[in-house]
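Mind having a look at this structure? Questions to follow.
Chain lettering (A, B and C) follows the sequence in which the chains are written, and residue indices restart at 1 in each chain.
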């Protein structure tokens, strides 16, 4: 698996050769298109003491064409959760508009003081993704689910195969290669989370977005950032200590403090020095 | 209503049979069921809608605040029902499907008038067949949409549905209507309407079911935070609304004022 | 019918494969666009339809009405996009009579998206939807191949659009007048037609304002000059 969303879920072409479709008879029923078209790249997220920060750039690519430069790939779901999506944008829209929005509306009908929290959204999404891959018609996304759950910050990943895992520092796509090592320097394990401040976490994620812009050819220098902070545990009874979750958004953020000036000192590609 | 002479003639036994003078008695009996229900009212304001019901409490063993009579269907619509509770449950459940199907096709919330149309059509279909009976429910549908602003509709067991500035149904409807007519609708605010609604429900209760316990249930639809607001010439707010329970403190204050006005001798002029 | 994989799997693995058209199928090689201006919206398109390198129709109309002041630009398979436009046209008529009010552009766009997304495996359709309604004024939506929906201030599409991304980005202005917008659309499409072999012929436009829908046409032998009648 590499950072190109188009190659997710496929054997590596350079090892196994391109997929040989010659045996596919035209009479075969039910072939699904197994490729994404309009795509988003990495999502990056990091836990800190009292919350979690998540970021994704605003680009939707069409192959190598930077087709849409104002796409929001982070979306708030309910009161406790932000979902960040990489991969196919049409599938992302489906996930939000056809599955999650109605889910939240239905949940609020009960009006019982309970709300779907980050772990609930995450379990639901991972089941949907796995079910679709079992129908050989996957939703071509990798998702990060960030939020507040049972008095703790929550962060976990789910992909088009239904693969799930959680860690205090996560990134999808190109970020899995480039951002995760950087984030792990700040946060090697779950125990480290309580020593990371909100400001440190934001700075670490911003640094990742910069490196990704330098090295990911499908990225953009404009991104969104969501900071979920919480206190307490959900409780419905009278007089119980109240849970408090806030989600702060920074949208249309431009990358700051880029380093390019050193390019002036680079001349030729070997012996040449002028 | 069917006179004593028409009862027992057989024309009141089936939905799909008219009486010789062109009436559907099953629908009229359904209306009777509503007339026995707790009073429900709706008030259309310039910046939203208020719904209120007099929930009659049949037993002291019931948990206070349980068995709600006003339901949310989608984010921006509430339905207050009077009549048979199970019928009302089914009716609101259908309204939720209508709202959700609309969203699935059009990727936007359903306008209030379209919801009222759909539910009117649904209720009417239950007056046509011998295998079903009409809904023993009159539903007050309140909401707020982008194009029309605040909207208030009332759908009756016959399937008829009209738009209102102020709507009332249930056993205290006559008293409630009389009070609603005194209000300068729709030129009042939701905050004012909350107090008026509480007063009217208390007034109607006093008038019709004084001996019974009741709970006041109140919700409002107001502009959703972040939704684009637009003021019409007349001053009405437009935009997608949010239907939710009126905060406990406001209900308590409105109830306090309502009780005060009762003690003051019932039929006085309205005041702040 | 045999199905052989066609087109190249580039480094991105993307099957940007308008060639996945069935054999002999008519392709709207196409340059299409729509752009907002102060008071309305303009749709524009070339008029070339090809089968392979043969021009099957040199005076095609790729601007299709789906409601009074909601129109679409079609690119991809002519058969697919006509079928989609016809179905949306039906839905919008139904909407109008059932709800006693005309549909918004947003409603039209989401019906287009529903069809394009849920049938993405069998369709090759890239559409731009533009409309004018009294409440929301002009709106432009783009639905590219996979069936995602994107609200934009201007949208370009079809094979010819790849040649004019730079032109449009450089020349687009917020709050243009109607005349400025016509020149913007015309200038962009003239470039697309010049560089894209699959685009050509006349430039058609539809102007949507509170006045309703008005057509314009510009001819290649007049260097696309004139007022478009």
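Here is the rule we use: a contact is a pair of C-beta atoms (placed from the backbone, for glycine too) under 8 Å apart; a residue touches a chain by one contact, two chains touch by 3 or more.
A quick note: this is a predicted structure, and the numbers were derived from the prediction, not measured.
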By the contact definition above, name the pair with the higher C-beta contact count: A-C or B-C. A-C
Name the chain whose C-alpha centroid is farthest from the C-alpha centroid of chain C. B
When centres are defined as mean Cα positions, the distance from chain A to chain B in whole Å is 44
Chain-centre distance (mean CA atoms) for chain A and chain C, in whole Å, is 32
Whole-Å gap between the CA centroids of chain B and chain C: 46
Shared-interface residues of chain C (touching two or more other chains) are 113, 149
At least two other chains touched by the same residue of chain A: list those residues. none
Interface hub residues of chain B, defined as touching at least two other chains: 107
Chain C residues touching chain B in their complex are 98-101, 104, 106-107, 110-111, 113-114, 135, 149
Which stretch or stretches of chain A touch chain B in the complex? 97-98, 101-102, 105-106, 108-109, 111
List the residues on chain B that touch chain A in their complex, please. 68, 71-72, 74-75, 96, 100, 103-104, 107, 245
Mind pulling up the chain A residues that touch chain C in the complex? 4, 6-7, 10, 18, 21-22, 24, 26, 31-33, 35-38, 60, 62-65, 67-68, 71, 88-94
Contacting residues of chain C [partner chain A, same complex]: 1-5, 9-10, 12-16, 113, 117, 120-121, 144-150, 152, 162, 165
